[in-house]
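Each of the next two complexes has subunit A plus one more chain, namely subunit B in the first and subunit C in the second.
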Partner chain A sequence: MPVLTPSLNSPALSPAGKRQHASHRESAVAPYLLIAPFFVGFIAFQLLPILFSGYLSLAEWNGMTSIRFTGLQNFIALSKDPRFWSALRVTLIITVVCTVVGTAGSLALAVLLEKVNDRLASLLRVIFFLPSVTSVVVIAYIWRYLYNTDYGYFNVLVQQLGLAPQKWLQDARLALPAIIVMLIWAGLGWDALIIAAGLRSIPSEYYDAARVDGASGWSEFWHITLPLLRPTLAFVLVTSVIYLWGIFAQPQLLTGGGPLRKTQTIAVMLYEQGFLYHKFGYASAMAIILSLIMFVSSYLNFRFVKAEVEY
Partner chain B sequence: MRQARILRWGIAGFLCLFAILYLFPYIWMAAMSFKPDAEIFSGHVFPAAPTLEQYDRLLNGYHFKGLTLVVPFLTYYKNTLIVTLASLILVVTTDALAAYAFAKFTFRGKAFLFWLMIGTMMLPIYATLIPTFWLFSKIGFINTYHALIWPSVIDAYGIFLLRQYMETIPNELIDAAKVDGAGPFRIFWRVMVPLSRPALGTLVVFRFLFIWNDYLWPLIVLRKESMFTLPVGIANMQLRQGMVVWGSQMAASVLATVPVILIVLIMQRQFLRGLLAGALKA
Partner chain C sequence: MRSRRTFLCASLLVAIGLVVAACGGGATSAPPAATEPPAAAAETTLQVWGFVWTADWLDAIKPDFEAAHPGVKVEVGRFEYDPYEAMILTTLASGEGVPDVVTLDPMWAGDLIRNGTVLPLDKAATELSVADFVPGGYNMYAWKGVQYGVPLDLDFNVLFYRKDVYDAAMATLGMTELPKNTDDFIKLAQQVVKETGKPALIVDQNDYYIWYQSFLAPLGGNLISDDGTKYVFNSDVAVQALQLYSDLVNKHNVAKLWDINTDGDPMVALSGGDILAVMRGSWFATELASGAPDLAGKWAITSLPWGQANRPYDAATGGACLSIPKKAAHPDLAWEFMKYAESAKNQAEYFKIVAGVPSLKTSWTDPALDEVNPYFGVPIGRSVAEWALRTMPMQLPSREVGDLIGEAIVKTTTGLATAKEALDAAVAAAPPLD
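And then the complex of A and B:
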């Protein structure tokens, strides 16, 4: 971290007199005053709750009676709970598919957007950005109605094509893919925007040099764009993995986690256990596991991308 | 050369077509909100006889067989506005103050506090959900604006974003202000805040979007309909009225989404630029 402050000079090194000493002392208290409003809230609403969650994950509690310490009991119970394994699997599928398809799609979109003229590109960017600024509740309900079995527009289309209508959100095989399609749609513009920023930070001299050497569009993409875009792609990957592991509103609103828990993510199960059944200890154990998963997957992403850059 | 131009037109054409398809759910939402009941399930995208009936119902209540169902939609709107404004003022102030300290001061524990903040930024909201809910139910914050406003003020990401920007403000300007006898808080108002305006603008839009659209936390701490925010209220409409609600729910969605789209359009250049700068440095 760069240290820039001029008042850093210790009094011993500084030849100045008392006046400077006083202002030095003033600015020694100032930073603490500046960060105080944030850190008071941070301790109350972030740090202490996190520690308390850690403790609750080792206890049994419904919020009313006294907390009963049970050691690793919650984690053992989770490891034997088929609902938890199912939720883990569902969330993993969502995370992997949406990240891979979504990142590839938004990369393609961002690259193509750079090829059209600026005014059209900025209009299109706004369109693709819309789902990023729309409430997930609004998005989920639009899609829920589009997927509706009897009156939804997707089944109107399917029937016009001469196919049988589907129970998109009630069919155990289709519900998860249906949610994934919606998630990819919703995430495309945001990732494309961030990738666009990365694309613009690549110095044009690289492309000029490649053109002099007679490189084709594809080899330009593989040998210049992609390697130089790695830090940006790492950022996109990490943020979307964290977001997707915690996905809650979309499955909850589209299917409520059904049919047969086929779309129940960890977060939906956590909400159910914690806030519908008041099993605070059990839900806290899930929160701890979820936090660990996010931490580890971010770390692995960084490692992966870094290792690739160093070849 | 000619080939390149044809290719470029081809790409532009493809992207426009894709954008229209991409936009379809929004077109469908808007179209639904202007359909009379009889057309809601017609299977056509656009209404044959457009009407404001759904909006009228949403705002004035739904009359059905002598019963009147009222969705307090304007109350949801008011609640969302109050919470968003209060939270924005608080969050931008606390973030800017802390970012100034982290960008321009040296103090004991700085690195530790900074990394503590960044480390917890990586943790999901689920790690704080249950304790905070319990605390709020103990101190009577459930069903109050307090429950929504105070936790939303804690925004390590904003501090990170602003710090990145403030570090680029030349120290000479701060030194000059010091020579003029300005203390840290004066420097904050006179130098740091005006010069950080682009980053502050980005942060405002960012937080606006987050608070305006937040769903999980309001869902947990709001039980009374009179306290609902727009996302919770719109989600709740489904449970109240069943199938009849399609039209008015889409009307509510349109009304909840329009201000957000306007803000993004108005702040488009600044917001997107700031966002790009922040993302790149992260």
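And then the complex of A and C:
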């Protein structure tokens, strides 16, 4: 016999039953109400702007006059724009170098943190993690002073080595490497912390067994640590790639994208086209392409690292 | 338990409602910093926007306008300079809360004018005494023969220099006054370098504004043809102007390239005595006095020396203006306010508050222009007013064109291209003129 849920006003429902039914309905609604603020904010501040940006990428709009639909013209223009390809190249270089070198450096740092005594490890953790909790603007301004041609500390060191002072941020050959060095330094601590947590999750029995079998330290690292660290490394690589593809603040603050666009990333160019040149449609098209690039990069990262681990 | 759950649900509903209400506010109704509490029941409210000291001036002059126009209340919106452009653009884009009168800055006014966001001032020619304005200031806000703004002040580059250092070098060379032509000034600058071991002046890297105002204009060049149909900043004169800019650094070795993006504010080096001359607008006098108070009496101002001695102009002039947005609610009343603001009395008041020399010559009779500036020891208002008569109107390119010229400057000064190659490339890449 099917069990029917009586309606609230059904004479078949006793007062206790009615209270239970109302209570059940409230408890079914309550979770949605609890998560509703997030979705309201997400829809208002992220989803709708993304959809509007998608529409703008197919239009021409300067923020002052009406929006004019132009189809794929923005994407076609981008494909022919040497400034866009330059920005793409700059962003790719930053992403690849900072990800590879930064992750390797963070891994080395994390391993070091596990090897040294606790007190020294705590001190190193604080020192290397400080940039992660410091404002990007503050970091950029400090490094701008360090790189200053006349007063910068790096040129003081260079001159003490008997070399001529360098125009770190004004020389087209040096500006991009200068920014990359800063980005690697700033990201070391955060990634090292995550990798260190991953290292601690590796059961020590594997190392014990390896030692019993006569494995060297390098052998342990290559055959035990790295494979079991894959999920953590995948996370670090993916988050780094997403972050670096969208890098904006550091090049904008240090060099403004110069000299001669040698440090202009896609995000910096996007800002320039949209907010300085009033080409919101063109900038939106760049945003769409950047999003696709980030998606593809993240997917390739996952496939490359193969996050599944067999114990 | 049930009442607690009910209370929680009700609270969440209220919170969501508040978030939605905040997001769906819509109109940017009033500017963020109205300077007075709302008056009771005025018939018409005239919204007037200004940035920093311009807003202070608007506040100072509005009472008399209100007294002369019963039922009208003037509400002044005051903004900081940096976010002001974005505020204007977003307000015009939204169409909500558009002011009746706006102050525009030449750095970005060109885009607004060419995109038709401000009204043509058809009555300007008949209801203003145009001849009373400095031509350089007035014509700047015309586009293809149509006037879109009425100028407030004149902002053109002058040379701020260390009088003690340059006087010593002049004495060595037997010069009795600061040279007013390129060749003689370079000789003097070389002597300054010889005596101090420091660059005689700085030139701004990647800055089209300084190059255009200070070098291109006095040499007789311009950015756009008179009919507004093509770019001319790769003309022979422009190439010469850019070559001179580069030669000061690389050939004559008298100037240091200063990149504001990487070197920051030059005030630190200036107050430390490492910068001996700089080209800036007359507004820099106030910054210099506050940034380097210990050097009071050691700095002087003069008109720029670039070009031949008999040149017609010393610089191109910028300066803010008043305009009426296309979507202004009260355009006729806005025009009345603008005429009132441009009276000699109110323009003299502008000088007292903003310290910018007004574009209206009839306001120059005010004794405030003859007051001695304590930092410089001379009445700089009167001096700047006289130099203003030797300025040509600055054209208002788009920011994109400004950046392209900036790149041409970088390429030339760093030896990556000749001046001709760099400017030709900039013209080729420039967006089409409307």
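In this section, the second predicted complex is superposed on the first by the 283 of 311 C-alpha atoms of A that agree within 3 Å, B and C clash if a C-alpha of one lies under 4 Å from a C-alpha of the other, contacts with A are read in each partner's own complex, and residues count from 1 in each chain.
By definition in this document, contacts are C-beta pairs under 8 Å (C-beta built on N, C-alpha and C of every residue); 3 or more make two chains touch, one makes a residue touch a chain.
None of the values given here were measured: they were computed from a predicted structure.
For subunit A, the partner that touches more of its residues is B, with subunit B and subunit C as the two candidates. By the touch criterion defined above, A:Ile50 lies against subunit B but remains apart from subunit C after alignment on the C-alpha atoms of chain A. In the superposition on chain A, A:Met64 contacts subunit C only, with no contact to subunit B.
When the two complexes are overlaid on their common chain A, residue A:Phe275 makes contact with subunit B and with subunit C alike. In the superposed pair of complexes, A:Leu130 makes contact with subunit B only, with no contact to subunit C.
Contacts of A:Ser216 after superposition: neither subunit B nor subunit C is touched. Of the two partner chains placed around the shared chain by superposition, subunit B and subunit C are both touched by A:Gly41. By the document's definition of touching, of the two partners only subunit B reaches A:Met294; subunit C does not. In the superposed pair of complexes, A:Ala30 makes contact with subunit B and with subunit C alike.
In the overlay built on the shared chain, the residue A:Val156 is in contact with subunit B alone; subunit C does not reach it.
Counting contacts by the rule stated earlier, residues 23, 26-27, 30, 34, 37, 41, 45, 63, 150, 275 of subunit A appear in both its interface with subunit B and its interface with subunit C.
Those residues of subunit A that touch subunit C in the shared complex are 19, 23, 26-27, 29-30, 33-34, 36-37, 40-41, 44-45, 62-65, 144, 147-150, 169-170, 172, 254-256, 258-261, 272, 275-278.
By the touch rule above, subunit C contacts subunit A in their complex via residues 2, 5-6, 8-9, 12-13, 15-16, 19-20, 23, 86, 89-90, 92-93, 111-112, 115-117, 205-206, 257, 259, 261-264, 269, 274, 398-400, 403, 407, 410-411, 414, 416.
If you check the complex, the residues on subunit A that touch subunit B are 1-8, 23, 26-28, 30-32, 34-35, 37-39, 41-42, 45-50, 52-53, 56, 63, 112-113, 115-117, 120, 122, 124-130, 132-139, 141-143, 145-146, 150-151, 153, 156, 185, 188, 193-194, 196-198, 200-201, 232, 235, 242, 245-246, 248-249, 253, 267, 270-271, 274-275, 280, 283-284, 286-288, 290-291, 294-295, 298.
Considering their complex, residues 7-8, 11-12, 14-16, 19, 22-23, 25-26, 28-29, 32, 40-41, 43, 45, 93-95, 97-98, 100-107, 110-111, 113-114, 116-117, 120, 122-135, 137, 150-151, 153-154, 156, 159, 167, 171, 174-175, 178, 183-185, 188, 209, 212-213, 215-216, 220, 230-232, 234-235, 238, 246, 249-250, 253, 256-257, 260-261, 264-265, 268, 272, 275-277, 279-280, 282 of subunit B touch subunit A.
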